[in-house]
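Shared between the two complexes below is subunit A, which pairs with subunit B and subunit C, respectively.
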Partner chain A sequence: MSRRFQNAADSQFSDNWDRLAQAIREIHRKNASILSFEELYRNAYNMVLHKNGDKLYNGVREVITQHLEEVAKDQVVPAFPVSGASSSQANSANGAGGANFLKVLKSVWEDHTTCMLMIRDILMYMDRVYAKSANVPLVYELGLELFRDTIVRSTIYPIQNHLLDVLLNQILLERENEIIDRSNIKASMDMLLELTDTSAKDSVYATDFEGRFLETSAEYYRVEGQMLVGECDAPEYMKKVEKRLNEEEQRVRHYLSQTTEPKIRSIVEEELISKHLKTVIEMENSGLIPMLRNEKMDDLGRMYKLFGRVIKGHEEMKTAISNYIRELGKDINETVSNSATTATAGESHTTGDRQTGTSVAIRWVQDVLDLKDKFDKVQNLALSNDKAFQTAFNEAFEFFINKNLKSPEFISLFIDDNLKKGLKGKTEEEVDNVLDKTITLFRFIGEKDVFERYYKQHLAKRLLLGRSVSDDAERGMIGKLKIECGYQFTTKLEGMFNDMRISTDTMTDFKDYLEKSALERPKLDLSVTVLTSTFWPMNLSASPRCNFPAEITKACDTFQRFYLARHSGRRLTWQSNMGSADIRATFNARKHDINVSTYQMVILLMFNDLPPSQSLSYETIKGESDIPEADLKRNLQSLACAKYKILVKEPKGKEIEPGDKFYFNSDFTCQLQRIKIQTVASKVETEGERKDTREKVEEARKHQTEAAIVRIMKDRKTMDHNLLIAEVTKQLQPRFVPNPAMIKKRIEALIEREYLERAPGDRRVYNYLA
Partner chain B sequence: MSKNTSSEYVKLISSDKFEFIIKRDIALFSGTIKNMLSSPGQFMESEQNTIHFRDIKAVILEKVCQYLYYKDRYNNSTSEIPQFNIDPTIALELLMAADFLDC
Partner chain C sequence: MATELKKVKLTSSEGTEFIIDRKVAEKSVLLKNMLEDVGESDMAIPLPNVTGPILNKVIDYCTHHRDDPFVSQEDDSKKVSDDIDDWDAEFCKVDQGTLFELILSANYLDIKPLLDLTCKTVANMIKGKTPDEIRKTFNITNDFTPEEEEHVRKENEWCEER
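On to the complex of A and B.
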């Protein structure tokens, strides 16, 4: 009885199944309209209900497979492109054949998917109930798998090879600027993306196509890279690379999968950029250095963007630019040493040497500023103010600026020159601008304390000789220095300003005092500037001697009495090497007002009581005035051997020798009513003076280092040697960079003076001794 | 594309030739019916907007239609939902029909 039942069920099943199989075939033949959905759905439903789900499933699989095999044979294979000479050649005939193949494949795929959707719909019950429990893929997925295995990865026909070849060929054609049908390719890619590879759990696109695509692309671009580097100059090369990068990005967007984008991009970057970084940078006549030289901002900007894509790109650029800056810096430094040698080789006249010295200094600073401007422009326009590059630039500048040992002096001289005459006529903005630029240079100096010393000297001269163009500019400069270096740096400078101001007030009071008092007025107009000794960079112990004529001495005493009455407990010392005097001199032709230094005034006054024909000898002048020899010679030179010859020297000549005689030059004539005798304000130091300054700087540094050590040790009580050195260096850095060996010596000195001791257990540790 | 796909009503015919005409969107609450009517292929049903259910009796089909209206009325509703009454004698066949129709 059960067997009969079973047979009946079986026959019903085979009936149902036949009908379904036929229906599926009709669907494949696009004849669905003659079918009743409900009937087919019901058939499937019944089959699953009667536990024949597996038979149904397998049957469906067979029918579809069969159909696909037919399709492969009848439609796909005949559409194979006829392979030309070599399938990798960009052959247009091949291209057309390939495009056709893709079209066929596309239509086959679309038909299949549509049919599968319909089949899925009628077999929905099976999907819902059977497939899930039997753990088999749903019908639609089954369809995809079958398509994948029967057509794309067909073991019978070389469909996959052809497909991949055609796709890669099409891409190759497009890279060679041929037009291809993108929609075809997109359809194929979409198909590959929808098909999954079960073992890799990724799309067939990823497993079968992408790998080969990346391989062939890498090869293509490797060759391209080498070819372009040989043919193009740097800007052209970069433009072409940019173009290629854009192309590939477009390509991915239009018909490849987005996942490929980063991969292909990194391949192009690798082959076209990374591998040729140095070559492009170093290309003669068109590489990085010529671009900088000719300020080709566009090209530089492009290079920055392109090279930014690869890891080493910016590194290489930075190194190249940094080296270039150092080169240029070295050249600038060398113009200094060259003109120094020519100056010493030429005349050794002190004034001449100093004149060229100053102009060399100023030119050096101007050259460096120009260089900085140039690279600031590059930074701004081409490098989008990249901080890493800025750091590299700064390091390079620091390097060559500090290579020039005279740089602190030069920079101070530059500022000196500007504050004396350069800023005349400039607006407040322009003034600020120039000062700001100088500050940026100042930042690069390692030995800021050396700069401070020079600045003080120059400032002193400016203030005392009244050479400053604008008080505001001076204060502006000090303000900026205060911001850079802090309060300590500028206290003394401000002190100097204060002295000047107070002196003017004092002079006003002095004048009043003279008016009111019954004292005999001095015969001359005396103007005194009182300087607080600690602020001003003079060497006071070496206060130069000078014998003043009687009237002058009397005037000075009057002032001294006046001053000391107001301020008790102070001592005044007259600095005769710094003053100036206005003299009204009567010559044969007319009277002139001459502005001379104090020394020169003393010398000239000696001629007052002398008959015109009589001369004074060098020794006489020296004896009476008691002026130091070097100064005396210099001042006599300015009076007798320079442009305005107030005195006549015998014998004639530029050098002052013992035994010379001097006459008052009554025949002196000049267009101007007022004349100024240039006293040689010292400019660039001679070697001797430099050594002197250096020694003073070293002395000061020793003290500062010791002060820092004591301060730190007092705070920490105990510290390890290396840590101490690091801490001290950090504290002193704003002023100068200390030498570890020097610090060690100072520590030893402090140990000797019992400020510190070595820790009894550990020789490397120090303790503070209260 | 057939012009019938935009008609408002569909006809459901039971095995005993009873015809039930209901609104299309309500009919779509049944998964199976939805597939039949919106399948990409042009099956007979979608062409004529008519579905023959050869295995479902009128009594059952009627109940199904009632349910579909019920679902449409109270789906996503916040008011109190009345119980849907099912006569126990038809419960089993109704269950199978529901399974068949996926609703």
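On to the complex of A and C.
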């Protein structure tokens, strides 16, 4: 192009530009109405068309920058709040100054954005054609950047410092319950959100404000947390924390960016909850333990919800509660051992001691059930049935229940007591309820086989002595045990039931037989229960000795003949230590019907032909009856030293010693016509008996372990030592928890007996020998 | 609904007045913004850049396409030039001068569909022609020296059909 043409184009550009620049200034002065949109648009269009887009763009930038610098100087700076308003002090006076500053900033921002919209419209052609190809921000964006750099981040005036200080101060005031103007703050936040930081690719809100906000908030709540734990008790503290959490949530909703919500929430949770978990839980008189003790469900529920927000929250609660349960469990266990030591040590045969033994057992179980109820309630009402907590509780219960080595026995006794008399008068539903609760305790027992042994013993006594209150309840219990442990656990129990039923039928047939046969009737009414020895827990094959009087022997023989005629190939053994007898005794005053054990019957019959003034010595009785010593002593005690003294002992005293003499007590009186002499009912075992039971259990476990090992090896043919131990443990778990050392011993025993061998190459691997 | 019935006055470079529906006018983004910014006014909008006949043609186009859905400005994906419908093709059967004026007006007034249409039309006029034929069609003088021409041809050898 020729120079002349060039100059003409330049001067045309200058004219056009001057007009545009002036127009922009008028817009800034809010005089837009005098301008012609079309003319300005055409100006810009022409400039871009003539390849002056860049000059236009830069010119626009300059005009806007100039304007903003004036605004900063003339409007923003004079509105600075009075110096001395440090943001860390909540001072209402400073608050007012700050609020005013925000107002000014808000109006400045609004003016700017309005102007920029108009400017953008007239420069649309430049945006469309020039900005895109030159890769520069569109005019509106340019406007934002200029505002950011000239005002908010001004390098000349400390506008940003003041802005941030004021904002943080306002928030501080609000946290201290002062009323502030939220719309002002919101406007500032919106402004900061709309401005972007180009390098961070995030809003100025995020880069300049949010970080400081979170920092100061953390500090604020750190101090607040420490203060509150000092001043408040646990429920109060939690309520205040809840309040703060709500406040912050509200704050975000009203004037901060939603992105800040999770950040500020986790700060509050960290400073007020995480850092003080233990302190709050352990607060004396109001912490977790007192809450549990006093069943403050609301407070517990609040704690559960609140502490659930932080990672360690529930962990701490669980540990604390678990320890508390173990403490309480320990106390319950200790009550037992204390009662045991107050009772006379060693083998005591007095019925009194045995009775306290039982009542201790029953109380133990009831205490544990009550404890379980209490925590079930807590679980339900306060902990929303949280499974993790349930597991922790169960573990704690398991722990202390198994610490008490007598727990299997105690639980069996509890059930025994209930099935004997406790359930009388209760509805079917109540019965079921009690039994269900007992089953939950049963689940906690590790040594289920020990329980089985006791249960069998107690059941046997109940059946034989006719002490069961309800057959349905008995069967119900067995049903539940079957569900828990499988049918193997309960076959023998059911066998015992069957024996009882069959015996009743047999007796009916026996009576018929006696009627029909021409045999001489026995002089006594005989009732026989036939027990299949494998089902019943007593050692039945060893028949305890006893010399029956002739009549009794004759009656027994009659029955035996009758029975063996029906069932050939069977052997009957009379168990004299288990029977009972009803005796009609004639005293001076009147006759009484006395229910006694078989042994006692034998003893009393000896006095039949004796003159009242004559006595029988201990040795005589022993010699004639041939009753084993321990049983003899016990039975004599029941007759002579207990509540109803059928016999009189010389010399007086509770213990039976050799040389004692016994007289029939013709002077005996009693209100009741029928009396029962307490026989051997289910009592807590003595130490000796316990040892016995334990040995039997250990013996049985050895066999079961070996059976399990063989079963597994037969299936797998070859197995590594550790895997075998694990597999055996798993299989035996429903009955008891085996000791790995014990399993190892059994493996070696089996190797010796050539059921297994060690693999030739690897000592840790076993092979099955067919 | 009221705005649809509203009329707008446009004045061409010679001063001719055209009265059109607001809806038709708003097919031009420039006019749309102007009307929004300036607000209710009976004053005519001057268009010194556009002559009467051209403005007439533009109004024709906008009226015919008044109900077309608004396509986003950013949609550059359709770079094909063979999807012109019959009416539009007929519309573009004008002399070159008019065609180029239409392009300039569509650009100025920011009517993207019209701009696309007219440019496609010109593109079709170029398509498939040799350089000489193109020069003939558009009356362009060849101001290459033979060396320059040879150089350019060599550079672009790869896209010549064998």
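One rule holds in what follows: the second predicted complex is superposed on the first by the 757 of 770 C-alpha atoms of A that agree within 3 Å, B and C clash if a C-alpha of one lies under 4 Å from a C-alpha of the other, contacts with A are read in each partner's own complex, and residues count from 1 in each chain.
Heads up, the rule we're going with is that contacts are C-beta pairs under 8 Å (C-beta built on N, C-alpha and C of every residue); 3 or more make two chains touch, one makes a residue touch a chain.
Note that the structure is a prediction, hence the values are computed from the model and not measured.
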{"item": "Simultaneous placement of subunit C and subunit B on subunit A, clash or fit", "value": "clash"}
{"item": "Subunit B versus subunit C, judged by how many residues of subunit A each one touches", "value": "B"}
{"item": "Touching partner for A:Met124 - first (subunit B), second (subunit C), both, neither", "value": "both"}
{"item": "Which of subunit B and subunit C A:Arg175 touches, first, second, both or neither", "value": "neither"}
{"item": "Contacts of A:Ile34 with subunit B and subunit C, given as first, second, both or neither", "value": "first"}
{"item": "Touched partner set for A:Thr114, first subunit B, second subunit C, both or neither", "value": "first"}
{"item": "Subunit B versus subunit C as contact partner of A:His276, first or second or both or neither", "value": "neither"}
{"item": "A:Lys55 touches, of subunit B and subunit C: first, second, both or neither?", "value": "neither"}
{"item": "Touched partner set for A:Lys696, first subunit B, second subunit C, both or neither", "value": "neither"}
{"item": "Footprint overlap on subunit A, comparing subunit B with subunit C", "value": "36-38, 41-42, 45, 118, 121, 124-125, 128"}
{"item": "Residues on subunit C engaged by subunit A in the complex (per definition of touch)", "value": "29-30, 33-34, 37-38, 45-49, 108, 110"}
{"item": "Subunit C partner contacts - residues on subunit A that touch it in the complex", "value": "36-38, 41-42, 45, 118, 121, 124-125, 128"}
{"item": "Sites on subunit A touched by subunit B in the complex", "value": "27, 32-39, 41-42, 45, 114-115, 117-118, 121-122, 124-125, 128"}
{"item": "Subunit A-touching residues of subunit B, taken from the complex the two chains share", "value": "31-32, 35-36, 39-47, 51-55, 100, 102"}
